[in-house]
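Note that the chains take the letters A, B, C and D in the order they are written out, and that residue 1 is the start of every chain.
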Amino acid sequence: MTNYLIRRFMGMVVVTFLVLTIAFVLVRLAPGDPAALMLGPDATPQDVMDLRASLGLDQPIFVQYLTFVANAAQGDLGRSLFFDNSVTSVLAARAEPTVFLSLFSLIFALVIATPIGIYAAYRRGSALDQSAVTTAMLAASVPSFLTGLIFQRYLATELGWFPASGYGGPDAGFLDRMWHLVLPSITLGIVNSALILRFTRASMLDILGENYVRTARAKGMSERRVVLRHALKNAGIPIITVVGLTFALLVAGAVVTERVFNLPGLGSLVVNAVLRRDYPVIQGTLIVVAILYVFINLLTDLLYLVIDKRVRY
Amino acid sequence: MADTTLSSGTPETAEPEGTGEPGFFRVLLARRSVQVSLVVFLTIAILCLFASLVAPANPDAMSVRERLQGPSAAHWFGTDAFGRDVLSRLLYAGRSSLSIGLSVAILSSLIGVAIGLTAGFFSRLDWPFSRLIDAMMAFPDILMALSLVAIFGGTLTNVVIALSIVYAPRVARIVRASTMVIREMPYVEAARALGTRTWRIMITHALRNIVSPILVQATFIFAYAMLAEAGLSFLGIGVDPETPTWGIMVNEGRQYLDSAIYLILFPGVAISLSVLTLQIVGDALRDALDPHLAKEA
Amino acid sequence: MNEDTILDVRGLNVRFRGNGRETAALRDVSFSIGRGRTLALVGESGSGKSVTSLALMGLLPPNGRIAAGTLAYRHRDGRVLELTELGEAERRRLRGVQMSMIFQEPMSSLNPLFTIGDQIGEMLFLHESMDAATRRKRTIEMLELVEIPGAARRMDSYPHELSGGMRQRVMIAMAMICKPSLLIADEPTTALDVTIQAQILDLMRQLQKDFGMSILFITHDMGVVAEMADDVAVMYAGGVVEQASVDALFNDTRHPYTKGLLASIPGPWRRRGDRLVPIPGSVPPLASLPPGCAFAPRCGYAEPRCREPVALTRKAPEHLAACILEGVEAP
Amino acid sequence: MTEPFIRIRNMTKTFGPSSDPVYAVNDVSFDIPKGSITGLVGESGSGKSTLGRSLLRLIEPTSGSTVFDGCDLNSLKAGDLRAMRQRMQMVFQDPVSSLNPRLSVEAIIAEGLVAHGIGSRRTRRDTVASLLEEVGLTADHMRRYPHEFSGGQRQRIGIARALALEPEFIVADESVSALDVSIQAQVLNLLLDLRERRNLTMLFIAHDLSVVDYLCDQVAVMYLGRLMEIGPAADIHERPRHPYTLALNSAIPMPRPGAARNREVLKGDIPSPMSPPSGCVFRTRCAHAREICASGIPSPVEVSPGHYSHCKRIEAIGEN
């Protein structure tokens, strides 16, 4: 057990390190001189030279790499080329909509998909099962921007039930801001519920075929108890894993959804950064998101251990 | 001949008893939904492939007089803001979208198989390879593709390469897992006991057994890559707008969301329909290929 | 139904759906179990012995159904219940209390996420009303009864912390704690080592003496049959081919299949150097059984008449066989 | 004394870290005479399968040696070992997972011939056909796939695969355990016939003492990684001189009603190989165990020619 934890933790450190390396290499591969880009077309060669020196760009690549890793370890992800600010503060300023959007859509997806997935597995092959599977497949096939745009036009613009876009004004209150997230969250939640539903159903099907479920029935308990007490707890493990994996899907989805609904979140930030070639911001977003992902997966693995007492290596 | 008939060699049954194991295609095509999906997908694919023959108009011919006209007899799917025929553009754009999906599916499978097979078979390489796969998978697909395209530029080739880099680790992970299972199978031990070399074991035993999971995965990647490319193009970061894709058409039509929703609806439905049918076929493939694996391996 | 009979199965037919057609898994299975006695149901894989036990418990998988037959069960209060006519809720109230079951796979038949104390105590929670402390006490007593060392401590173990033999003891404790009148044991020792098997068989005999229950013992091992059973029913390809008391079955074998089975077993009782005489061929798939006697294609005594249907007939008092022959010479 | 065909000396295989090794096989030595069938019996955790694989070097033994017809297998380089594999083969336990479901029967049986570059495609096909007939199947079965066969037929295919390279020595690992009794008897008889026809030497690994007793000339009994007793099959059966063999013998359920109802049943569980008892590993379950059994590994005592018992209290285990 301790052995497993140590190995798991070591693995995480290495993965984090690799994430940093990939992010560093990627940006280094970009054509053009970062200093020249930062200063714009009017800069003199002398200006560029000076900036290169102050940014450490004249150092050997290996030294630059070490500095980069050391800085990143202290939370310093460099400065934005576009905003006159550090990447960390730029990211922090845009985090709120993305965090809540992801959270709401995950909750939406879990609330919708888990019970249906469980019931569909239990009533395998029934009309409900078939329609649930088909709907899930459909939901996973429609690009979220299409759903978003259709919602926007009909539910927001025409019916006026929801705000069509934006995040409220600059001085909008918290509730107002959250209200702007409802439609985006549903849009993003639909895609995720498709994945979670299919996964829940599959894990539940596996577990319902297990011998210990047969034992539970032989003990003379109600079907309700068989499913809710004996099967669900075991199905919880794979479901937790998939929730961890959904994180990547949420972030990717958030990028598109924020664009559809004009939300000033990390997704919009990174898209604009790409259009403006603001490499430090792209790099910073990549790093933050990837490390978050690594952490969430560590967390789900630990949760796993708490639920399942079997020693794992 | 007589002496080959051993006292104990009584054949158990004259015929082997594999009774009515339904064939691959019968299982694949058992469901109506799968038949319909195959027909729909192939129709879309063929129409797009022969766009130059079937398209009613030149997809780039502009006509200011005919701008933003809804579906009509002359223009079945209407015209866009430059008066171009939407149906014709849709067919040409489909060619790009589908070929991106297919190329990504093939390329990422090749990379993934190479990595996964190596990691799965050589236990010494497993740890570093697996950590690299983990690190690659920590970047969400669109975000990674976005960055790659931002850095190398938005050409069709770059989008394909970027998406292949994104999906290859997913294939690698599946291949690695299956290879590890197969590596421990008694028939691999039997091969080793016979004196078969490792590379031959990898080809005859490992590769042959992972072909079906890869095929299934490739079908899904085909679908996901089309979705991801559409997402990139919708964000305005995908392929150069000179060669339209369905995603680009949605992006272009977005300004006219309130007045001409058909501009996003047709390409949007085209994407959804292709992705949906691909996924249904992928699922059916899995069912058709899996019973053997599930039962035998 | 005789006063001393606890379960009487008549003409049980079970069918399974699959690949778009229905296959008969059990064909006209009949047997009965006396009070306090052990009936061994013996057969090779595919003979239908496990399906029989699941049908009795009402635990057939969703694609299986009882197509015909009666299952008369004598309740503890003296009533005779027809199991096939009971609703699911009534069947459920019988399970665990009146008839319990233990399975072949002690490794996978316990839920890995609950302690064994939880899983045994759950039986009391389900079927008897008592407070948690009493439940715990009764559970410990039961664990002691099945000879688990350190029972009070073992209560809080998870299944993966126990050996296969210990898990099977836990399964037995769980099945016995509500004192059922019928215990169905489906190959309970097949997955265990021989020395552990001997322990479990001893334990089951002991518990039967203490509790006075009847046992339906399912096995493929003729040695286990000889050791455990009072009566034996031999199954082949979904049907019973011979039923008799254990002595009669081994010493006055009437069916060629039973005879072939006995001749196939190697063991220390044989003369060294004597060849085994295997049954030729293999069990035909259930979906394509030959007409008439299912064993005929492998039978050394087969004749044209064997293509006609053959029913269990009385060959001697309390000795039934489904064969046109009166008997076969001793193996 | 002549060199035995196969000589196994001090075979040891550990798993886990070398600082805290788990002994799967611990210091096992015995000989297998040419043309004989040696049975290796033991319960789970006895290390019998690990021993079988270690002596073929399918897994690397931690220490010890196998001398095969005068050739020390452990000193061979990879290439030489590969060549040597033609002479020694293995038949596996599970008739399902030991055959690749994606390969035809022909490809499965010919695999060894292909690996060693023997014959052309045409001659290999002829070889496969005659092997199929030798094991009781027919030549037209070669185009089929494993799932089309019953368990017994698959095991015959596995035997044909092992025979293709015309080996002199075969390790059969629980090769009949997964089969029904009537089929098991067919395969046992097939093995006996093959031994006679091909003058094979065999190591037959099983947990079932009756099967071993039927098939073998010599029987070795293992418990928790160690050898308990070895000797001619008749001796082991009629005059066992180790308490574990006695217990194993008496635990066999006899198909004779009333025969074994008052036998002596071993108490307790098999200890975990991770923490085996000190001294004699069997002492925790042994009715004859005394203080001396707790320290020092019992050395083999020759109780009759070729019959060795690893027990310190051999006098207490009377000749019956």
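FYI, a contact is a pair of C-beta atoms (placed from the backbone, for glycine too) under 8 Å apart; a residue touches a chain by one contact, two chains touch by 3 or more.
It should be emphasised that the depicted structure is a prediction, and the values quoted were computed from it without experimental measurement.
With centres computed from Cα atoms alone, the innermost chain of the structure is B. Chain centres were defined as the mean of their Cα atoms; on that basis the chain farthest from chain C turns out to be A. Once the centre of each chain is set as its mean CA position, chain B and chain D turn out to be 48 Å apart. The distance from the centre of chain C to the centre of chain D, each centre being the mean of the chain's C-alpha atoms, comes to 32 Å.
A separation of 23 Å divides the Cα centre of chain A from that of chain B.
In chain D, the positions touching at least two other chains are 150, 152-153, 183, 186, 188-189, 192. The residues of chain B that reach two or more other chains are 7-8, 10-13, 17, listed in rising order. Touching two or more other chains at once is no residue of chain A. Residues 33, 131-132, 134-144, 146-152, 223, 227, 230-231, 234-237, 247, 250, 254, 257-258, 261, 264, 268, 271-273, 275-276, 279-280, 283 of chain B touch chain A in their complex. In the complex of the two chains, the chain C residues touching chain A come out as 57, 59, 62, 92-97, 100-101, 103, 105, 108-114, 122-123, 126-127, 158, 160, 171, 174. Against chain C, in their complex, chain D makes its touches with residues 43-44, 150-153, 180-186, 188-189, 192, 207-211, 213-215, 233-234, 237, 247-261, 263, 265-267, 269-270, 285. Every residue of chain A that touches chain C in the complex is listed here, in rising order: 124, 210-212, 214-222, 230, 233-234, 307-311.
Residue ranges of chain C in contact with chain D, taken from their complex: 44-45, 163-166, 193-199, 201-202, 220-227, 246-247, 250-251, 260-270, 272, 275-280, 282-283.
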